[in-house]
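Chains: A, B, C and D, in written order; residue numbering restarts at 1 for each.
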């Protein structure tokens, strides 16, 4: 995965998704729309909090996202077409999914609007309950008890083989992109996002378990032996499941990140995380 | 702590706390009350689920608890006098807090009722918000976000010194007794329960933190930099706090466990946990 | 990797490599050679300790290895042709690399000698200092100080990007096959051996580092900032290096394991390790 | 432990122990001896590398140590009287055992020489083989295989109870002071140095083990089931043992650190380590 592709397509319409919680991001919305107006580029701004709750779908040639990782994830989950390139500008703590700092945005904006940028295409996973798709996974899905501090009893199965079987607070199934996020806090490895794998990380295991790195080409099944579990996708989509299992497999869709820096984005994310 | 004391006090009244979820425990209640009746010992049975929700307070010369660790914790939190000796009989998975298996109970019962047992006195911690006591802590208190999968920003302070300062899913403050329970799942050490210490274990830390072992003789303050946190004591008592800090200190009360085995209970718990 | 292939080639010559340290293995050598003799199969036995020190190269249609993982690794490193199928029979503690227990060997031997077995081909890595090949890596290479308990200062670089930079006792670079061996003891993930990746695991890091999973398709460079390091390949090949860096890349050679069981060998190894 | 005591004793003789590997430390020796000369204080300088190998014993009213933690440890191990106060000045990477930076030394020197400083007394452990004392332990003792990358089979026993029993690269037994040093790299907790405990940390365990915190008041026995082990005390004293067990107990001697800062030294060390 993580195919790089050089774009040369003129940007006519830009959507700006911003977090209403950071004054800097809100201010930047105004500044940005003036600038886009001057340049003759159509623009529309979206409050990230409302976008997801209202189920708004965003259409544009480019989506600029002003906020932290949560805002970027909300923006990606609100795209009407998953192929739309997104450009994250960090106003948060980590900013692992952002390409630029606020200062950098204005200096590269003109170039970007001419379509002069590379696109890095990154794998997503999908979560299914039977035939019903719960959603696509940019970073990770976290399956746990619905009660804080309670454990669940579960198995991790791939290709008919039980790989883990035990009791823990929960289990994270992460993309390589998400491996430096929540999965790493729980003890998982950093995985180069050019690999087509899924990372399975038990959270606070009571019985002996280990993080796993598995091929994403075959479905991974989380079989839970409790009546109900809480499922959280990318920290954004919550659901309580009664069904006995959740299947995770490679999504047919990807995320397309605008890249204007030469440095490898995996190395950059890792450095930020270990700093 | 963990003072050993040989008892020689006749048991006239026994309370039996049992989990309604295990058929074996429910059956044992019947068997036990018949036996106690024959021996001329007064007895009363309590459903562990109802006891805590109804706020029942249990008075007896001895409390026999039939269930897993959750049941034992419910029993201890329902004692009207913390000095009442408790005897755990394991019907659960771990049974770290139980002295006996169901089979063993009936063979030692007569001796125990003559008061022929040792009592191991074990330290508890207390959690306070300002002057309000949230409760005593047998195993641990877990402070976290009220939303599953969200982090909190907090400091751990003792004696005016900030020891940890960072971002994590939450933080466990555990007694030595609880060190082999949830705290160990989160990466904490096993601590001999004869030490008067508190164990602080960050859960899924985003920033660099470490488990701590601190004297229990001085208060430990968890200062949180988020509007609200979820507090869970011994997996049983839940509360959402708005106040900015929680203070943990050594309780004036203890738990008194009936011991009929010679083997050190710390070694036994540790072996069970690492098995 | 990990291509499966069904063999139907008659076995005319068998080499038996055994550990002299286990009486059971030594006895089995006698039993096995009688049996092979009766069946008209030529056989030769090799003491695993002598084989490596003497630099003996083993040629056969099949190599049966009686011992623990160390013995299997010695056997593999002594093959004159890396394509020779090997069949491990466990007389050791872990036996992660063995297909069979001693009891099972005699029941399947006749079938195996008819060539009725599958071969699982597993990736190796290679370690280079400049143009000099130190050796092929079946499980892992461990780079450390030459003095026990001393740290080294190093960087892990791939494709021009520094991924880790810090101080630790050492660093393990493991194949997926080796991920359930030493790398897991040091905190690394279990990696499905069908993935073409290398696992990098810092050992006792002083500064903040994380295990990594990287594509094996590009060289990984360990750049050390100390005058000398100790290099240990598969626990068998030791060398002290003065050069400033070690390069690890996918080997052109593989290991070919005889498989007579249907169960996935990754699942089996993982279960053994977590037991 | 960690008793604080205010000193008011005039310093007539100062020993300066320095690392020859840091130009800054060597320069400071000259500067310092001039200054001491002017002030009428007798002084003597010791190369830390030679001091230990030559078995020199240092007598003075105060020992100032210029270097990193290794230098401080060498200085402490060379004291002829363990009650001599020591003052570490950091020229190394970590400097966990140092009170001052080079800049700070000259500003506080005059006050210190008047005896105007507090002394923090910190617990040591002792290592014994039978009746033979191997040495006192300021930070930790590391017991391992004598061969890099090989495991040992051992038990940790206290008061007749086997607490750990398994296979690992080795095991660290650390003082609270040493808990933020090597023991933390191996996954151990940070322990307030006012506690009288020993921290046991398995290094790269193959079987399931856990860090332990045990009372220092009773001996801890490491019983090894291999013919020989390598013992390393404070990274300085090396020995190969043939005997079957090593006993660790609280030393009757302590280390006395000069403190001129108000901040708690545990908080300071922890902050440095987690930075």
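As a convention for this text, a residue touches a chain if its C-beta (ideal position, glycine included) is under 8 Å from a C-beta of that chain, and two chains touch if they have at least 3 such contacts.
These numbers were taken from a predicted model, which means no experiment stands behind them.
**Student:** Counting residue numbers used by both copies over all numbers at the interface, does the subunit A-subunit B contact come out same (over half shared) or different (under half)?
**Tutor:** Interface between subunit A and subunit B is built from largely the same residues.
**Student:** Taking CA centroids for every chain, report which one is farthest away from subunit B.
**Tutor:** With centres defined by C-alpha atoms, farthest from subunit B sits C.
**Student:** Report, in whole Å, the distance between the mean C-alpha point of subunit B and the mean C-alpha point of subunit D.
**Tutor:** Comparing mean C-alpha positions, subunit D is 37 Å from subunit B.
**Student:** Can you work out the whole-Å distance between the CA centroids of subunit C and subunit D?
**Tutor:** 39
**Student:** Could you please state the distance in Å, as a whole number, between where the Cα atoms of subunit A are centred and where those of subunit D are centred?
**Tutor:** About 46 Å separates the centre of subunit A from that of subunit D.
**Student:** By the touch rule stated above, which residues of subunit D touch at least two different other chains?
**Tutor:** As it turns out, subunit D has residues touching two or more other chains at 187, 208.
**Student:** So which chains end up touching which?
**Tutor:** A-B, A-C, B-D, C-D
**Student:** If you look only at subunit A, which of its residues touch subunit B in the complex?
**Tutor:** On the subunit A side, the touching residues are 93-94, 142, 144, 146, 148-150, 167-169, 182, 185-187, 203-206, 230, 232, 235, 238.
**Student:** For subunit B, which residues are in contact with subunit D within the complex?
**Tutor:** Listed in rising order, the residues are 158-164, 179, 184, 187-192, 194-195, 197, 199, 208-215, 263-264, 266-267, 270, 273-275.
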